[in-house]
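So that you can tell them apart, the chains are marked A, B, C and D in the order they are listed, and the count of residues begins at 1 in each.
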Amino acid sequence: MIRVQKEDFDIGIELSKVLKSNTEIGGISSFVGIVREYFGDDQIKTMTLEHYPGMTEKTLHDLEIKARNRWDIKDVLIVHRYGTLEPGDQIVLVVTASSHREDALESCQFLIDWLKTDAPFWKLENRKSGLHWVSARTTDTDAASRWVANTDD
Amino acid sequence: MIRVQKEDFDIGIELSKVLKSNTEIGGISSFVGIVREYFGDDQIKTMTLEHYPGMTEKTLHDLEIKARNRWDIKDVLIVHRYGTLEPGDQIVLVVTASSHREDALESCQFLIDWLKTDAPFWKLENRKSGLHWVSARTTDTDAASRWVANTDD
Amino acid sequence: MQVRYFGWVRSRIGISKEEISLPTHIDTIALLIDFLKTRGSGYLQAFEEIENIRAAVNQEIAPHDTKIFEGDEVALFPPMTGG
Amino acid sequence: MQVRYFGWVRSRIGISKEEISLPTHIDTIALLIDFLKTRGSGYLQAFEEIENIRAAVNQEIAPHDTKIFEGDEVALFPPMTGG
């Protein structure tokens, strides 16, 4: 399941819903992205996430399908927030559940790697020094593309 | 931090404690191990975790230190239960928090891999067909040892 | 054609979407971008680093040589920073 | 010496720990195991697959050729299945 929302989420509640969805689950992997308080020495006051409604949902849904095709996973949850957030706020949640931990762990990492490069979000930081758009990191593209190189694993 | 306990844990509460521990956290990875309901077609009624008190705490603590030395992580939490559990019950929780998602994701996987092979726990399943000790899987040993081969990454 | 802008492409141009009547020879994303650059300094600034411009046609990522048609929804934006 | 058993080593032997007075020539884990195997069928069964017996000396994993001394706490158990 995927959700794109302004509201915060409660990881405990989300995980217990995933757990109750299936009795074959042996492991649940999750990742939460958090707004940091500093960019180097420059304090971040707020971070605003802009996104492309419609395309975002489509992209997250496609990523869920890809993960389900590649790993033996019993459930997937992606929750991505948009709007203006503060340091310490939760941005994104990825949860994958499987009978086997390897599938849960790998698919969670796969999803977070691809969200970085493929989900149509743009981050504007309001820092002490002024407004700054967050740049895409080439290391993120590298992290995502290694899943392409490894398709035959 | 590490904890070995009979009691269940609440992931939401544990994660929010980790999050509040440090303002430099940009990502929190977690893994929860769950008692499955079936071994093949054989229903699992309960699973009893026996452990070696003293050595368990020592081993988990050593694993925490190893992870902190190898990755840039701001916080680590390992909670491992013992005693008699039922299908759907939580067995173990590993949480790693970092400024960067790669460090959080990798260190979480490292810890769960090594817990499988190095933490002195033994699992006795009470299945429909009778009592069965859970065997160590050679794939678990392989998963743990790849972290040794990759030390120079 | 509806054209949408996001991220610093949007903030440099100053609007988030507009209706463009495509001149008939403008039939790829690359040509659309060249056409938009003639519309003012905001556009020029937005598209100055062409290697950092990503595009979507009807909400699917598309390379710059993709053919575009009058009824399409085209979006232009910087590399995405999700997650 | 205190000797502790876990997992199916414990359930086959039938006790979880015992005090053993070490004969002087028993100075490694491997020799301790051979000595224990003379104590009855539960012990024989517990240690029949020696490649599946792990040991700890004073709560540290130790190979079978590790020297042991009277005051040590030695534990014998199957491969661990944590996590």
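For the reader, a short list of remarks on this structure follows.
We adopt the following convention: a contact is a pair of C-beta atoms (placed from the backbone, for glycine too) under 8 Å apart; a residue touches a chain by one contact, two chains touch by 3 or more.
Quantities reported herein were computed from a predicted structural model and do not represent experimental measurements.
The minimal number of chain-to-chain contact steps leading from subunit A to subunit D is 2. With centres taken as mean Cα positions, subunit D sits 72 Å from subunit C. We define each chain's centre as the mean of its Cα atoms; on that basis subunit A and subunit B are separated by 22 Å.
Taking the mean of the C-alpha atoms as each chain's centre, subunit B and subunit D sit 26 Å apart.
Touching of two or more other chains is recorded for residues 33, 101, 112 of subunit B. Residue positions of subunit D touching 2 or more other chains: 83. Touching pairs of chains, sorted by label, consist of A-B, A-C, B-D. Residues of subunit B that touch subunit A in their complex: 10-13, 15, 19-20, 23-34, 36-38, 87-88, 99, 101-102, 104-105, 108-109, 112, 139, 143. Every residue of subunit C that touches subunit A in the complex is listed here, in rising order: 4, 6-8, 10-11, 56, 59-61, 75, 77-83.
By the touch criterion stated above, subunit A contacts subunit C in their complex at residues 33, 50-52, 54-55, 58, 80, 91-92, 112, 115-124, 133-136.
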